[in-house]
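What follows is a set of structures for review.
In the two assemblies presented below, subunit A is common to both, partnered first by subunit B and then by subunit C.
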Partner chain A sequence: MKRVLARTVYMVIVLALSSVAVFYAIRLSGGDAVAARVPASASAEDREAVREQLGLNDPFHEQYFDYIGSLVSGDLGNSLTNNAQIGSMLTEHGRNSLILGAAAFILVFGVGIPLGMLASLRRNSWWDGGIMTFSVAGMAVPNFWLALLAVWLFATQLGWLPSAGCCSPKQLVLPAVVLAMEGLALTVRMTRSAMLENLNQDFVRTLRSGGLSEVKVIGRHVFRNALVPIVSLAGLRIGQIVGYALVVETIFGWPGLGQVLVNAVLRRDYPVAQFFSLVLVTIVLLSNWLADVGYSVVNPRLRRG
Partner chain B sequence: MTDQNLTHLETWDRRQAEYEESRRVGPIKATFDRMLRNRLLLFGTVLGLIVLGAGFVGPTISGADPNLQNFSATHLPPGSEGNLLGTDHLGRDQAVRVFIGIRVSLMVAAGVTLISLAFGLVLGMFAGFLGGWRDRTIRGVVDFVWGFPLILVAVLFAGGLGEGLFPVILAVGLVNTAAIARVVRGEVLSLSEREFVEAARAGGLSTPRIMWRHLFPNILAPALVLASYYVAVAIIAEAALSFIGLGAQPPTPSLGGMVSDGRNFLHINPWASTIPGVTIVLLVLSVSLIGDGLRDVFDPRLRHEAKGVEQE
Partner chain C sequence: MVSVTDRPVSPSGHRTDPAPLLSIKGLHTSVRSRGESFDVVRGLSLDVYPNEVLCLVGESGCGKSITALSVMGLLPDPPVRIREGEILFHGQDLVALGNKQMRDIRADSISMIFQDPLTSLDPVFTVGEVMVEVIRAHRDMNKSDARNLAGETLAKVGLPDPITRLDSYPHQLSGGMRQRVMIAMALVLDPEILIADEPTTALDVTVQAQILDQLLTEQRERNMAMLLITHDLAVVASIADRVAVMYSGEIVEQATVDELFENPRHPYTQGLLRALPKVSTVRQQLDPIPGLVPYLQFLPPGCSFAPRCPHALDRCWEEPPELVPDQEGRVFRCFNPQDFTER
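Then we have the complex of A and B:
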C-alpha cells in the first residue's frame, strides 16, 4: 500500500515535470509557428505583432501557467492548419486510437499467452520450434517493414484486405497485427519461459503424485504462477504500443492520436503538437504507473517494501 | 535437476576451460581464438563487413550522384544495364542510394552509441559506486527517461528541434543512455562488493582512482557488448523515423526514406522498397549477431541481461 502511494506521488511529480519539458520543447519551435501564420513577405513588425498576439513574448512561466489554465478550463484551442477544434480532435482520434490499441493489446495477450503455453507444453517439438522461430522473427523485423510486406502481400497481391484507412473491421486487421507483433513475440517468449520454470518446480511433482489431473495441475497451478510476471508487465506493453502507434498509424493512414501528432510536428501545427504530446506522455506515464502498481499487487513479495 | 542449474554448470565449466586456455596461450590470442570459433559472430561479422563494404566502398567506386534523376529510366528492375539494383520513381540509381543510405544509418548509429556509451558509463558508475542521494537522483532521472517509448521521445524532439538526423541522434542517444546506465549501475553495484575493491579502499586509494583504475576496466567489456545491442535499436529507430518523414530529410538518401518513397509504387515496382527494406534487415541482423557473439565471447553472464532489459 505504501509502495502504491509512493509510486502515485512519484507519477504526479513526473507528470508535472514532463508537462513543463514538453511545453518548453514545443515552444522552442515557436518561431516556426509564426512563420506558418504570416506570408513569407511579411515585415519584421508584422512578425513581431504575431509573436505578441500568440503570447510568445511573455515570460516562460506565465505562458506555461496560462496554458495549463486554459487546459483546465477546457479551452483547448484550434489547429493552425485547418482550424479544427482540438477538443473534438481528441475525442474523434482518441476513439480511433483506442480501437486500434485495444485490438493490438488483445492480440498481444490473447494470442501470445496461448502460443507460449503451447510451446512450453510441447517442448522441443515442431510446435515449439515453429512458435519460437515466429517469435524471434517477430522481434527482429522492424514493424514498418513488416507493415509494408503485409500490405504488399494481403492488399496488393491477394487483395484480401484494404491497404489503409479507417475504421471497418477489415481495415483494422493489418494495423492491429503489425502494431501487436513485437509485444506478441515478447509475450510468447516470456510465457514459455515462465511456464517451463514452474513446470520444473517441486510442487508440481507433489501435485501430480497426489493424483491431481494434468489439466488441473497446469490450469490451476502452473499457469497461474506463470501469469504473474506476464500480467504485471501489461503496463509496459501499453507504453510500447503507444510508441509504435506513432509509426503504424502513419503507415496505415489510421487517424488516431499518433498520426495526429506526427502530422502536427511535420506541419509545425504547434498547439496540436503540444496538446497531443502531453496526451501521449500522460498515457505512457499512467501505463508505467500501472506496471509498477500491478507488479506489487500481483507479487506479494514486494508488498511490504 | 532443473535446466537452469545445468546451464550454470555448463557456464562454469566453460569459464574454467577458457581460463586455462588463456593461461596457456595468453589472453589476447585466447580471446581471438574464441571469437573465431563462435559461428554466430563469424557469420555476423562477414555479413556486416559485406554491408559495411557496400556502404563505404560502393559510392567511392561508382562515384555517381545519388540524387541524379533520369526520367527516361524510371522503375527499372534490378540487374538493368548500368543500374545494378534498378532505379526508383525518379530514375535515381538504387545501388548508389542504398550505399549512401547504409552510410547514413551507420553514422546515426555511431553518434548514438558514442553519446549513450559515454553518458551511460559515467552516470551508471557514479550512481552505482557513490550511492546515497546521488544514486537516488540519477536513478530517478534514468528510470524516468527509460520508461518512455523511443519513438515518442524522438517525435517530441522533432517537435522541438524540427525534423532531421540531429534530433533523432539526440533522442535515441538519450533513451539508450538510460538503458546502458541501468545495466552499468547494476554491474558496478556487484563489483563494489568484490574483494579487490575492498582491498583498494583499504589501501587508501581515492574514490576517483578506484573508479577509474579498478572499476572502469571491469565495466568496459560488458558495456561495449551492451552498446552493440543498442546499435541495432538505433538503426531501426532511424529507419522508422525517416520512414514517417521525421528523420533524414530529402535529398539525403536514407534506407527508411527509400522504403517510404517506394511504397507508393508497390504495384508497379516492388523492388523500390524491397531493396532498402532488405538492406535494413541485413544491417540489423549483422549487428545483432555481432552483439550476441561478442557477448558470448566476453561475458556469458550478460546473456540474460541483454535479453531481459525490457523485462526488469
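Then we have the complex of A and C:
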C-alpha cells in the first residue's frame, strides 16, 4: 500500500515536471504560432495584435501558470488554427487511438505470451527457431519501414488490405500489427526466457513430486512465475505503443491523438500540442503506475512478510 | 530414538518381514553428455522394507539423488534416463508406468522431500494453495476440506500457527519452517514411503536436529518406510535402521546401522568412519580418504575404489568385485576386506 502511494506521488511529480518541459520546449522550438491564425498577407501590426491578444508576449512563466490555471478549472482551450474545441478533439481522436492502442496491446501480450510459451516448451525445435527468428526480425526492423513494406505487400501487391484510413476492422489490421511488432517481439523473447528459467527451478520438481499434472505445473505455476518480469515491463511496452503511435498513425492516416499531435506541433498550435503531449505523458505514466501495482500483485515477495 | 531391536530384524540385518515395499533391481541410470552416454547409477539393487529407516550414504555425485529421482520418475530427461532395471512397488514396475499412473503414485504412495526448502517451494503461491492443489490432485475433496487437511498436517509436523501459515508465502517463513512445510506437503496424503534427499543439509545445526526428530516421529506414527539420503554419518547414526553405502554409482556395503558403525567391512566405509571428527581423541588432524572420486566416464576396469584403496590387490585392478554376503549375512563389495581399526 505504501508502495502504491509512493508511486502515485512520484507520478504526480513527473507529470508536473513534464508539463513544464512540454510548455517550454514547444515555445523554444522556433516557428510562429500566429502564422497559423492569420492569413499570409496580414501585416506586421495585425500579427502583433493577435500575438498580444493570445497573450504570447507575456513572460513564459506567466503564460505557463495561466495555462495550468485554465486546465485545472476545466477549460482545455481551443485550437489556434481552426478554433476547434480541444475537449471534443480529445473524445473523437482519443477513441480512434484507443481502438488502435488496444488492438496493439492485445497483439503484444495476447500473441506475444503464447508464442513465447510455445517457443520455450518446444525448445530447440523448428517452432522455437521460427518464433525466435521472427522475434529478432521484429525487434530489428524499424516500424516506419515495416509500415511501408506492409503497405506495399498487402495493399499494393496483394490488394488484401486497405493502405490507410479509419476505422473498419480491415483498416485496423496493418497499423495495429506495425504498431505492435516491436513490443510483440520483445514479449516473445522475454516470455521464452522467463519460462525457461522457471522450468529449471527446484520448485518445479517439488510440484511434480506432489503428483500435479504438467498442465498445472507449467500452465499455472511456471507461468505465474514467468509473469513477474513480463508484468514489470508491461509499462514500458505500453509506453512504446504510445510513442510509436505518432509515427504509425501518421503513415496510415489513422486520425488518432498521435496524428493530431504531430500536426499541431508542425503548425505550432500551442494549446493543442501542449495538451496532447500531456495526454500522452499521462497515459505512459498511468500505464507504468499500473504495471507497478500489477507487479506487486504478481510478485508476493514485494508484499510485507 | 528408535532402536533396530524394536523391529523384527534377523541377526544378519536382513529383515524377516515377508516382502520389501520397494525393490530396486539392477538399476542403471545414464546421463547423456556431448553425444556420449555413461551410467551414473550402475546396477544398483536395494530393498526398502515396511516401517524401516534406510539410509543411503555417499559423497556428492555418487548417484544417491539420481537413485531417488529414478524411483520418483522425476529424472531430468533428457539428459538423464533409466537405461535398464526394475523398480518394483507392490509388485508393479514403476519404470514401465505411464505418466498418469506415475503421477497418481507420487505424494500419495511415495513422497519426496528435497534439500533446499527455499528454492523447492513455489515463491508466488501460498503454502495452503499448493497443498490444496496436491491434495485435490489425488483426492476427491472440496477446497475447504482440503485446506483443513493441509492445516492439520502443518500442525502435526510442528509448524507454529499453522492456520495463519496456510496463507504465507515461502519467503515469509524461516528455513526450518519451510522444511516443515515440505514435510507436511509430502506427508499430507499419508504415503507408504518417504524419500528424504538431504533434508537437513541446508539448515542450521540446531534446526537440523529438530527436523530429523520430526521426520522420525512421523515415520513411527505413520508406520511409513523412510529412505533417507545423506552424506552425514552423524545423521545416519542417530536415525537409521539399516544403511547402504554408495560409491561411484553402486552400493559397496549394506548392513544394519549397529553393524556398520561397529565393524565396517568395505575400505570406503572404513575410510568414511575414520574421517569423522571424534571428540574423545586428542588428535588434531582428520584422516581423509586419499585421492578423488573417479570420473564416471572413465572408471577403472576393476573395483572403482581401487585407486584410493590402501589394501588393493592386483585382482582389484582387473575385475570388479561382486556384492557378496559374508558369514554374518551383510553384504559388501571387496576382495580383500580388512578388520576395522580406528586410525
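By our rule, the second predicted complex is superposed on the first by the 282 of 305 C-alpha atoms of A that agree within 3 Å, B and C clash if a C-alpha of one lies under 4 Å from a C-alpha of the other, contacts with A are read in each partner's own complex, and residues count from 1 in each chain.
By definition in this document, a residue touches a chain if its C-beta (ideal position, glycine included) is under 8 Å from a C-beta of that chain, and two chains touch if they have at least 3 such contacts.
Quick caveat, the model's predicted, so the values are computed rather than measured.
**Student:** Following the superposition defined at the top, how do subunit B and subunit C come out on subunit A, clash or fit?
**Tutor:** fit
**Student:** For A:M132, is the partner it touches subunit B (first), subunit C (second), both, or none of the two (neither)?
**Tutor:** In the superposition, A:M132 contacts neither subunit B nor subunit C.
**Student:** Touch check for A:N225: first (subunit B), second (subunit C), both, or neither?
**Tutor:** After superposition on chain A, A:N225 lies in contact with subunit C alone.
**Student:** Examine A:V141 and indicate which partner it touches, taking first as subunit B and second as subunit C; both and neither are also allowed.
**Tutor:** first
**Student:** Applying the document's definition of touching, compare subunit B and subunit C: which contacts more of subunit A?
**Tutor:** After superposition, B is the partner touching more of subunit A.
**Student:** When the two structures are overlaid on chain A, which partner does A:S209 contact: first (subunit B), second (subunit C), both, or neither?
**Tutor:** A:S209 contacts subunit C only, not subunit B.
**Student:** Once both structures sit on top of one another, what is the angle subunit B-subunit A-subunit C taken between CA centres, to the nearest 10 degrees?
**Tutor:** In the superposed arrangement it comes to 80 degrees.
**Student:** Is A:V22 contacted by the first partner subunit B, the second partner subunit C, both or neither?
**Tutor:** So A:V22 only meets subunit B here.
**Student:** In the superposed arrangement, which partner chain does A:L266 touch: subunit B (first), subunit C (second), both, or neither?
**Tutor:** After superposing on A, A:L266 lies in contact with subunit B but is clear of subunit C.
**Student:** On the overlay, how many Å separate the closest CA atoms of subunit B and subunit C?
**Tutor:** It comes out at 10 Å between the closest C-alpha atoms.
**Student:** Along subunit A, where are the residues that touch subunit C in the complex?
**Tutor:** Of all residues in subunit A, those touching subunit C are 201-203, 205-214, 216, 221, 224-225, 228, 298-301, 303, 305.
**Student:** What does subunit A use to touch subunit B in their complex?
**Tutor:** 14, 22, 24-26, 28-29, 32, 140-145, 148-149, 151-152, 156, 186, 190, 196-197, 200, 229, 233, 236, 239-240, 242-244, 246-247, 250-251, 261-262, 264-266, 270, 273-274, 277, 280-281, 284-285, 288
**Student:** Which of the residues in subunit B come into contact with subunit A in the complex?
**Tutor:** It is residues 2-4, 144, 147-152, 155-163, 236, 239-240, 243-246, 256, 259, 263, 266-267, 270, 273, 277, 280-281, 284-285, 288, 310-311 of subunit B that touch subunit A.
**Student:** Can you tell me which positions in subunit C touch subunit A when the two form their complex?
**Tutor:** For subunit C paired with subunit A, touching residues are 72, 74, 99, 103-108, 111-112, 114, 116, 119-126, 130, 133-134, 137-138, 169, 171-172, 182, 185-186.
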